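Following this message is one structure expressed as structure tokens.
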Amino acid sequence: MSKITFMGAGSTVFAKNVLGDCMLVPALEGFEFALYDIDKERLRDSENMLLNLAKSLMKKVTIKAYTSRKEALRGAKYVFNAIQVGGYQPSTVIDFEIPKKYGLRQTIADTTGIGGIFRNLRTIPVMLDFAKDMEEVCPDALFLNYTNPMAVLTGVMNRFTAIKTVGLCHSVQICTEHLFKALDMDHTGIKEKIAGINHMAWLLEVSKDGQDLYPEIKRRAKEKQKNKHDDMVRFELMDKFGFYVTESSEHNAEYHPYFIKRNYPELIEKYNIPLDEYPRRCENQIKGWEEMRDNLVNNKSLTHQRSHEYGSRIIEAMETNIPFKFGGNVLNTGRLISNLPELACVEVPCVADRSGITPTYVGELPAQLAGLNYTNINTQLVTIEAAMTKKKEYIYQAALLDPHTAAELSIDDIISLCDDLIEAHGEWIPTFD
Amino acid sequence: MSKITFMGAGSTVFAKNVLGDCMLVPALEGFEFALYDIDKERLRDSENMLLNLAKSLMKKVTIKAYTSRKEALRGAKYVFNAIQVGGYQPSTVIDFEIPKKYGLRQTIADTTGIGGIFRNLRTIPVMLDFAKDMEEVCPDALFLNYTNPMAVLTGVMNRFTAIKTVGLCHSVQICTEHLFKALDMDHTGIKEKIAGINHMAWLLEVSKDGQDLYPEIKRRAKEKQKNKHDDMVRFELMDKFGFYVTESSEHNAEYHPYFIKRNYPELIEKYNIPLDEYPRRCENQIKGWEEMRDNLVNNKSLTHQRSHEYGSRIIEAMETNIPFKFGGNVLNTGRLISNLPELACVEVPCVADRSGITPTYVGELPAQLAGLNYTNINTQLVTIEAAMTKKKEYIYQAALLDPHTAAELSIDDIISLCDDLIEAHGEWIPTFD
Amino acid sequence: MSKITFMGAGSTVFAKNVLGDCMLVPALEGFEFALYDIDKERLRDSENMLLNLAKSLMKKVTIKAYTSRKEALRGAKYVFNAIQVGGYQPSTVIDFEIPKKYGLRQTIADTTGIGGIFRNLRTIPVMLDFAKDMEEVCPDALFLNYTNPMAVLTGVMNRFTAIKTVGLCHSVQICTEHLFKALDMDHTGIKEKIAGINHMAWLLEVSKDGQDLYPEIKRRAKEKQKNKHDDMVRFELMDKFGFYVTESSEHNAEYHPYFIKRNYPELIEKYNIPLDEYPRRCENQIKGWEEMRDNLVNNKSLTHQRSHEYGSRIIEAMETNIPFKFGGNVLNTGRLISNLPELACVEVPCVADRSGITPTYVGELPAQLAGLNYTNINTQLVTIEAAMTKKKEYIYQAALLDPHTAAELSIDDIISLCDDLIEAHGEWIPTFD
Amino acid sequence: MSKITFMGAGSTVFAKNVLGDCMLVPALEGFEFALYDIDKERLRDSENMLLNLAKSLMKKVTIKAYTSRKEALRGAKYVFNAIQVGGYQPSTVIDFEIPKKYGLRQTIADTTGIGGIFRNLRTIPVMLDFAKDMEEVCPDALFLNYTNPMAVLTGVMNRFTAIKTVGLCHSVQICTEHLFKALDMDHTGIKEKIAGINHMAWLLEVSKDGQDLYPEIKRRAKEKQKNKHDDMVRFELMDKFGFYVTESSEHNAEYHPYFIKRNYPELIEKYNIPLDEYPRRCENQIKGWEEMRDNLVNNKSLTHQRSHEYGSRIIEAMETNIPFKFGGNVLNTGRLISNLPELACVEVPCVADRSGITPTYVGELPAQLAGLNYTNINTQLVTIEAAMTKKKEYIYQAALLDPHTAAELSIDDIISLCDDLIEAHGEWIPTFD
């Protein structure tokens, strides 16, 4: 019996999306869906939910929750990863509150930036542990990573473990559709080309019937920008750098030195930037979960419609050999993007079919876009040095290389901030020399 | 009205396959199928055949034959190319008969080797003319090249013209299925990886449910090889170099210095090598055509079933945005195959969808396979130098670098043979200094 | 008669260094030293000085000042370039004063940063004019560029003209010696490896008899840093990023977002940063020139000792075929530094001999150093886009990508600052759309 | 006391050249010259010779012969390697005589070809043993390899051991001078560019005062070729492929399929090819040694003049930091020659100075030259596979890929020939599966 394992299965809503999708794939009939989470209660919730769903959908799949990680992974053909290390409490709160004391404000803190660095530092060791188990009990499994920070974690898996890993993010799949909706344009029949790094990939081409749509897009965007809306940072980036970026304004606000600036406090208002957005979302999610839990977990007539998540489609392609093309995160081996470094993890069009995940060749990005990508890749690559060598100096350097952190704080404050964060995270991160 | 143009449409059987396939694609309803050929009679035959077919299949497409090449191409979205320059008479006969006087025997002479070189020299100028027209009247069209020698012609189009070109060959698509049939093995559910150069791409991986099938394949192949059969060269190559090659024995017999050897005349028998196979086929085809012509051209109830040709599937993928993966010939830009040169034209997995043709990254070939590929790429790249500079010395060098020619003849004989061929081909090739 | 041409020969002191050096090279006996400058008076001064010098040193060289640029270049074998476009007045003053209005302070403004961008924009067209002349009258000459901004100008010459160009800077040649003097260490017998980009190349290795000297260097540097001195920024960079940088503190202060920060005004004092250093130097130089002029220009007993400038040594190596190794600026073609982009202009060990200038292979920089280099390369490559396309948007993007500018100013202020600078520079720069 | 170790010091004449040269280098005063050889008698001879030489030259160096390999290497700063494994008897005789039985004739058999393959197979394990010792007792030493087959052995050292290795060959250093002498042309002031692979590097450029000398060279070469002389193969290669090759005709005769052909026995005469040249030289050398031994070994007034060997000059450059440029063999890491594979060992301009051996960037070879290089690189890379995996199939493939072997013999004969050679070499080579 083939097996799909879900790490971090306690995320009941997301597990429903991904594994619910899988239930709807005829080629996966008869598969085992193995669930694992360190939170036993949430794990049981997800198990219940999926048992109900399978029954209600009348699908012949086996749902099984495991308390042993290695047993959950043993023999798996596909492994979904959606873990969060350290949780909202204490880790996310620390990542936001301590920088705030230094006057450094953030919105999401899950990618790069000071929050992203520490999120990586606590997640990498766990991922390496997963990989060690997998090398033993399912060395050929495909690891479909949904956990952030995407670029660093996917890069680490592919550089330092034997586990084939692809990183999946929602931002690229909905990029163009979202843009067209926002501008009240018709999205059908669009031809697009997207590449870059996770959360900062670029809509390099967008056309219909051979006609470049960017002039019209930019015209409408400029118009829209005259009034306040919830995606102003992204539109500003397009206006200034010429291309639309895959991730939302609340994310991009902290990837660049342009938006959250103590010297220009008015920019928060001007660009409508939701500071502390992620903690707010976490709290809403926690509250929301209490409300929706019963309906989701114990609902005998639970239903599901195939979502837009790439996960089930990739597996379906690999099982049926009908190719599926998607924007995936892979190492830039062979310089798929020729002007980004080979060790960077890039987000490029990939194809899934029976032969696995095959990335496609992109070529050269416009200089200014590669430039913006570099400013984030710098921190990513040095963060990986920190995690793999356990040397504190690389943590400092990663923070010093982050454009937003470096713009806002002095070297001394950055070092001190890192030291405070190292201390606050305590045992959630390894010991650094 | 969108338009597909077919250059060399006088190949009625092939035009039926490719354009007949296109008729069966719902997304191509309403397209114009534009036909062009310098042979007006054959052109009219194909036009009749396709008109009958469209009627019989009740398809709403426009069939139109053109006498002006530029008008045939004007506004095309896709251009199929299946021309043959010089024909069986005089060109192919020359390519076989003159080398024969020097004791140099060939089988197909359409790829590399002395015949391939001259086939290139007479075809490249025509292709460059096509490209010049296309740059003027349909600069964004995709050029789907079926004409041999595939690697050189596709390379020239992509290096020296602005026309996006992909080269398509039957050998890669039927490679594994053919192998499995020959060995009486079940082909369903096979995972494969094929890459290399046209007519010499390699079945790098072949497995089922994670199990490598090569050991069993090689065991059966060794057994089969004990008795005479019609694919002995290819099986010998697999036995000695460890991997199965995409093109057939009659082709590969002349790509290597191992099979047609004056010092070992017994090898022709031992490997069952059909010398002069291509002229024989041409003559059969000419004879066959006379017999089948009426039934094909004037048959009001002509039918068609979708063939295995990639052509219509690529166009369908580009129109519907449902990806199609295939083995295509493209420049090795960005070193898709990392140990072949960037200017080589390689055959690698490609994806077609609305964003066009995207090649995928392959990585490194085993050293011995790259080695065999190089011996043919050498001649290809120098042949291109010859065609683009019009310098005779490069023709000589291309021939000197061909492994079969160099094994059989002395330098003086090779030079003399080239001179004889240059003279014999006369105005079918340009003037060389 | 072989000819060395000096563009910008009105820099009498520098002309004395470089051409005085050349007089001391026996292999250059009999050469013509051709002088060119748009400032006729300064040109005559340099001519007088060199005539005196040649006489006093009893050297058989021909000194000749030209009023026609093309005649000065005609037949040259080597061309030195030491021009400054726009001069202290008006250009340098503008580059400092207008940013100052926005609160953006600079120290030197000759590399990247807002001042470097505009220095490039006014110098590139002049360089392209030189190249056009040279392609006509001395196409094989070697162009030895001393003019800043080094990386961009040398990159432009090598990418967009046929003139072989190498960029020469003092910073790399004195790097280690300067460091050792500052730390009271013995410099003899040192083995070093330096690579990166101009003004931000890195002392990657420094050892003696196989022993790494960095631990001792860092220990002493930490000690020295306890008291105020004139190279504190550079020592701070070494302390935080682990490697010593080739250019001085007053330059590096403005290449990074760490040192000149409105939010941390105390850093100016802490790091002892000489704001507006370059204008101050210019004024001193102008004053100094008046004092020294007579003694330099009309001194019949003028003497000269071979300086440390690379120029005469490179030419000597090319004439004698005795190799000379130096840190030169060349395109990163073939990825000499494997983790910097191919279009970047890098500073790497090069060899001069009769076969010309040959760069050597360096390999990969530590991630944090490549990271710091990228932040400056970003602006350089986009500045080149601006100069070659004449599109204003690239000027904005170049400025937005500069780490110091982006840290200090908002997007709107950066755009407005660029607009003010474009207007203020008037006809010294081309028209941008 | 710094130490230079000479492996294979029993080659008294060569040891005199290389170490005699070193005695003449002032910077090497006080060095120990450590001698090692498995032939104790020859070792003692060399020791005596060098002791006499040092005394006669009044040089303060320590000469010491070692019977322990590890002690000879311990603490060495430089290691010369000039070993020969298997010797003339039995190995070289086997390499010539067994192929001869199959009708496969050779001239030198020390590079590629069937003889080169087996010379590699018996030498590689010894070299790996050296490297293992060196990693323990002198890990930072520079290994200067003079042993053939140069490309494979140098490649193996650099790919599979931690020992920095450069390969040195006489052919590149005398290439141009030799050519000019042969054509009665003046060699002074020549500018040249040479790159390729060992024994098949190309004189890519040769000019004087900016004038290309190739037209005159080719004119004279054509004239010379009208009469029989001892370098006819090389001149024929230049005539046909456009460039002069570094190694002599007797070597190149067996690297290509053009010269030694059973079907064209007259070519031996026509190109004046000395079949079995190397065994003849060996026998002369053995005889010659008996005659010269006493005069060399026990000559109290032995003298020495600095030879053209690169060895002492490289060490001198590394000790004095005055750069020395030479044609060295190094891995093609970073694609110094952009159209040869990264794993190939290439011969390119290198610089020695205190920072070690630094290769320079070459760029792209003309397609036909890269083509000829590939045909030999193919065998080299697959030979390495054979040596490192101990799989017999790679020996067969290496032989099958050799152009001369493949041109002359059938697959069956090649396999059988390999089997015979494996058996004949017995314990001189490892066991292969």
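By letter and in written order, the chains are A, B, C and D; residue numbering begins at 1 in each of them.
FYI, a contact is a pair of C-beta atoms (placed from the backbone, for glycine too) under 8 Å apart; a residue touches a chain by one contact, two chains touch by 3 or more.
As the structure is a computational prediction, the values presented were derived from the model and not from experiment.
Shared contact partners of subunit A and subunit D, listed by label: B, C.
Here the CA centre of subunit C is 43 Å from the CA centre of subunit D. Within subunit A, the positions touching two or more other chains are listed as 338. Interfaces, counted as pairs of touching chains, are A-B, A-C, B-D, C-D.
Note for the complex: subunit D touches subunit C at residues 140, 189-193, 205, 210, 323-325, 333-336, 338, 349, 351, 353-355, 358-361, 363. Subunit C meets subunit A in the complex at residues 236, 240-242, 256-258, 261-264, 267, 338-339, 341-343, 367-368, 370-372, 374-375, 377-379, 381-382, 384-385, 393-394, 396-397, 400-401, 403, 406-408, 410-411, 415.
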